[in-house]
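Mind having a look at this structure? Questions to follow.
Should a chain be cited, it is by its letter among A, B, C and D, assigned in written order, with residues numbered from 1 in that chain.
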Amino acid sequence: MIIGEFFRGLFLMIWRVATDQPEAKADLLAVFPPSARPVISAVLTVSPIIGIFATLFALTTLLERKGLGRIQNRLGPNRVGPFGILQPVADGLKMLTKEDIIPRSADALVHFLAPVVLAVPTILAFAVLPYGRNLVPVDMDAGILFFFAVGASTELAIFMAGWSSRNKYSLLGAMRAIAQMISYEIPLIISSVSVIMIAGSLSPVEIIAQQGRYLAGGFVPHWFVLTPWGLAGFIMFLIASLAESNRSPFDIPEAESELIAGHLTEYSGFKYALFFMAEYFGMFAVSGLAVTLFLGGWHAPFEFLEIVPSYVWFFAKLMGLVCLFIWVRGTVPRLRVDQLLNFAWKFMLPLSLLNLVVAAVWHFTAAWEFPGAGLGRWLLGAVMIGVPYVWLGRALSGSKKITQRTYRFAD
Amino acid sequence: MQAAFAIIAALTLVSAIAAMSLRNLVHCALCLAVAFAGLAAMYLQLDAQFVGFAQVLVYIGAVAILVVFAILLTRSGQPVPHSVVSRSWIAGVAIAVLVFCVLTRVILSSSVSQRSLPAKPSPTVREIGNQLMTWYVLPLQVIGLLLTAATIGAVIIAMNERKSAGGDHRVTADQGHGHGHLAAPTGLNEGNATSIASETGSESPAHYPQPEREREVLAK
Amino acid sequence: MLGEGIIKGMVETARNFVGSYSDPERLTTVEYPEDKIPAKENARNFPFLVYDGDDAARGLRCVACQICEKECPPKCIYIVKSKDKKPDYIGKPQFYPAVFDIDVSVCMSCQICVEVCPFEAIKMDTEFELSNPDRFGGLLQDKHRLAKSNEYYHKIHETEAAEVDARLAAEKAKAEAKARADAEAKAAAAAKAATAAATPKPAPNPTTVAPAK
Amino acid sequence: MFMETAIDTPESKYEILPKTLSNGEMDGELLEVAMGPQHPSTHGVFRMDVVLDGEKVVKLKPVFGYLHRNHEKIAENTTYLASMPYTDRLDYLCSMTNNWAYALSVEKLAGLQPPERAEYIRIITGELTRLVNHTCLVGFLLQDMGALGTPLMYAFREREMILDLFESLSGSRMMCNYMRFGGCRVDLPAGWLEQAKRAVDSYSGFLDEFEKLLTENEILVARTQGIGVLPPDLAVNASITGPMLRASGVNYDIRKVDKYGIYDRFEFRVPLGDHGDVYDRYMIRLLEMRESVKILNQALRDIPAGPIVDPKAKLRGFRPKVGEAYGRIEGPKGELGFYLISDGTPNPYRYRVRPPSLINLTVLEDMCLGQDVADVVIILGSVDIVLGEVDR
């Protein structure tokens, strides 16, 4: 009897999740005694998230290697399984069976704790993202703040890894990582503040709800990325999130041609795998936040497509951003650490602060009523952010006399 | 609830004590971060979400990082060679106990402890924002001004230091720790530049034009 | 300097990404154990000894003159000359190598042994899959493992082998003609035996090797 | 627990020892890092003992010799011919030009004159080698800059075509061992010229693609301009040669100066840089590749038929008369010269290589001081060394 109820609840839960219905877990939870319900509920929420993102992680590593291979005119991994799709499994097995080496002079406890301390916050960050219409693990009033708070605590883990290894490359890598992450956290937060300001809420659910309208007969979504401040904020958010997740061209903490592997130099086996996983999880989380803040979260791009389950849109947008990250990684060389910091402080920070002003102007010009007001608003915002962009860009490159050069030839 | 509080409080206290007493500065800083996290957990337990997250963001994400960065830049996290406890620790403990007793006495006898607790407020972020921007706007501005002034001061101090430190690093590095000296290739500056010049001169006939600048260089 | 260089680069990588699907010319790699790039005709890897006919022991062209042993830059060839003689392809009695070893782990595939050999006896193989669990014995190749037939030589270096065969055939014909002339001369006038002095020597190959004096 | 005294633990041996300045001021601490010999971007087994102040280099000491294999002494103990395959292994990316330089000096010693077709073949293979070398260099330089292999893979894709040409010509992709005293070893196989023409024609397209991919890239420009400046007077005094010297603005190209071989018959220009930084060195190589393509087009058009080896040359029992000779060419990396003394025996009495990689490396510290660690890597990359040639 109980077992029948359990399976009925389980089926209903899956059905309701698949069809975007609310209260998915209610019937299943009713099977259990009330005292056990909070724990069961938590397990039911957490395990699919970890499972889905772990699968996504495996797929992304494969996608990245395949994509980079194709960008570089190679085939990419193609040995394990058909078209190499079992490559992540092979990688995982390799990682798990490798010897776990702790350097003799390392600080063993901190060396052990660092990957754990890194993995926990990156997984915690998934707690506040709305994955679908009724799929929010924790609907928190200060959700965005929570996200940034847990994101900030990963820096300490990287420092722990770099310092405890007692390796000069690790130490240099850790110092670079901290400098970089602190610098880019500010533009990251400020560029999302413009969204928070317009939406008037720190709750991801509320922010998505505000992007749920459609204009022009359902063909233009009301996403924040389609406003001038939103576009600028989105681009800055993307650049800052590349830096936050240590992806190329901001992969200087683990720049393999300079610092071997930075803070990961002395890690092997499962601990290395944890770092690797945390890096990808961080990338997913920050892309998920970008989707939430700027790309309308789980909303479909056109109104008539809303019949497709909402989580499909969320994950499609997420993977789109991940592909963009891979594409960038396959193209650009790495910045130097001081240029990186200059870029953060002299370009990103002023521009993101200015973007706040643009967002405010956008907010207060909403009352414009004359014909062509929408276009005028748009152009005003674009000019307000575009002119300083050109000016700051010129100033940043002009300060060091960086120019296009011509060359002499002797016969 | 009580048990959770006890665990968090114990963790916070233990890590705070460890932050004071461990010999390795980096360990101290890490323990301090744990203590900050414990405090944040307490705020969250009191349903003060905003303060709790701000605590994590500011104290773990910024202050603790700043502390370890400072340690890295100055001492490379070397453990101090001597014990961190001073010789007159008995006097210290005595004073601490005395202060604790006085405080306990004062708190117990004050009227605050007799007053009943007000109903638990559950402030939303929006309310906090409204309060900050209306009732507390002056303190907020003053704090902002103070922090800006401090930042500018720090920048000025750092700029001065850089100016005074701009010597020839290479020489100081050599003096600093008699490292095996590399025969400086700069010495070639004084060497004779004529060899290539004469070679090119003799072997390349006149119809091999060289730009003006190169002639100068080669003739030097 | 406002990001257009990066965008141009990204367009370029995207073009290559798409091109790798639409234009197989772009993919320079092959999937090795299944596909192999056919060996070029001039390709060289490690030397082998050519034999004529079916019997590797009898048909070996090598006469153990040890020139290759002397000229080999890393000195990876080891030859012991035989005590007795046996007839070569012309029919003339010659020494043969009692031992002919090449240490493949030392050999650097320079082809100098092939160039200096006056008897067209040592040639370069194109076989490169020589991996072996035994790093000493497995890579030390003796006479029997080195001996490969002239047909094999034709298979891997077609043009070159044809040239070599033509040259050898010409020599053989010359030697036979000479022998016949000698025999006739001997039969005709035994007193004029002094004419048969010159020894056959390999004809110079105008394209490959400078003539040996 | 609080009272425990400090014990000198064995770990302290492995501590990162901070080095303070002699005046004892807290002026930042110096960190000694041994970059190499096992380091991903030292281009072989090469070590740089770097002293860092933060990330700034205050001292750099190159340490090499890990790949020393006695090349010159071996050559003095073997015949002239037997040294030829060893020269392949000097700068293993450019075996053709190494062969050429050695053959040139032996020809000077023995008074041999290669026939015209052989000279053309030498120019074709030599310029193809220059393409290979510069292509590899720009690929590896960008790899060092962190471009994750994409430029390197494009570079290798093109290099593959030339290596195929080398394989069908000489039998080996990299260790060609192709030139002989007084000519070349074998004649061009059938269809080789057409294949070479195709490869050369597609090369301009590749160069365009490469420039579009990276030359205007803001990150590359910011990373390389003004980094690792080599002033022309220092370059001349340190006897730097090759693209590095020309990037500093000194017009010195042995192809123009010596006109060895038949270079005087070809129309080409020598690109010169004005700043002597990493960007100029990168650009000079790209421009030189375009000039090489020009030379190749002319050579492939004009190559005559004929013999490929001087009839006076002999393979076995080669004994040049007593004397000495120095033959040099403009290798892809700089002036590559071989100095030989003959005492009339089959072995040279003295055999000396003038390796461009080693001599160009001597100014590494001067270029690196005051730069970042990240710059050290790309400065080393822009010097273009091959450790086989540095250590010999």
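In this text, contacts are C-beta pairs under 8 Å (C-beta built on N, C-alpha and C of every residue); 3 or more make two chains touch, one makes a residue touch a chain.
Predicted, not measured: the structure shown is a model, and the values here were computed from it.
Centroid distances built from C-alpha atoms place C farthest away from subunit B. Counted by C-beta pairs in contact, the busier of A-C and C-D is C-D.
Inter-chain spacing, taken between the CA centroids of subunit A and subunit C, is 61 Å. Look at where the CA atoms of subunit B average out and do the same for subunit D: the two points lie 45 Å apart.
Inter-chain spacing, taken between the CA centroids of subunit C and subunit D, is 32 Å. Averaging Cα coordinates per chain places subunit A and subunit B 26 Å apart. Under the contact definition stated at the top, the residues of subunit C that touch 2 or more other chains are 1-3, 6, 9, 12-13, 16, 26, 28.
Subunit B has residues 76, 210-211 in contact with two or more other chains. The set of subunit A residues touching two or more other chains comprises 71-74, 171, 330-332, 397, 402, 408, 410-411. Residues 67, 70-75, 78, 327-328, 330-332, 389-390, 393-394, 396-398, 402 of subunit A are the ones that touch subunit C when the two sit in their complex.
Subunit D makes touch with subunit A in their complex at residues 11, 13-16, 31-33, 39-41, 52, 55, 142-150, 153-154, 157, 213-214, 216-223, 225-226, 249, 251, 253, 256, 269-275, 279-280, 283-284, 287, 372-375, 377. Per the touch definition, subunit B reaches subunit A in the complex via residues 24, 26-27, 30, 33, 37, 49-50, 53-54, 56-57, 60-62, 64-65, 68-69, 72, 76-77, 124-126, 209-211. Those residues of subunit A that touch subunit B in the shared complex are 107, 110, 140-142, 145-146, 148-153, 155-156, 159-160, 163, 171, 174-175, 178-179, 182, 185, 200-202, 408, 410-411. Across the complex, subunit D is touched by residues 68, 71-74, 104-105, 166, 168-169, 171-172, 176, 248-249, 251-252, 255-260, 329-339, 397, 400-405, 407-411 of subunit A.
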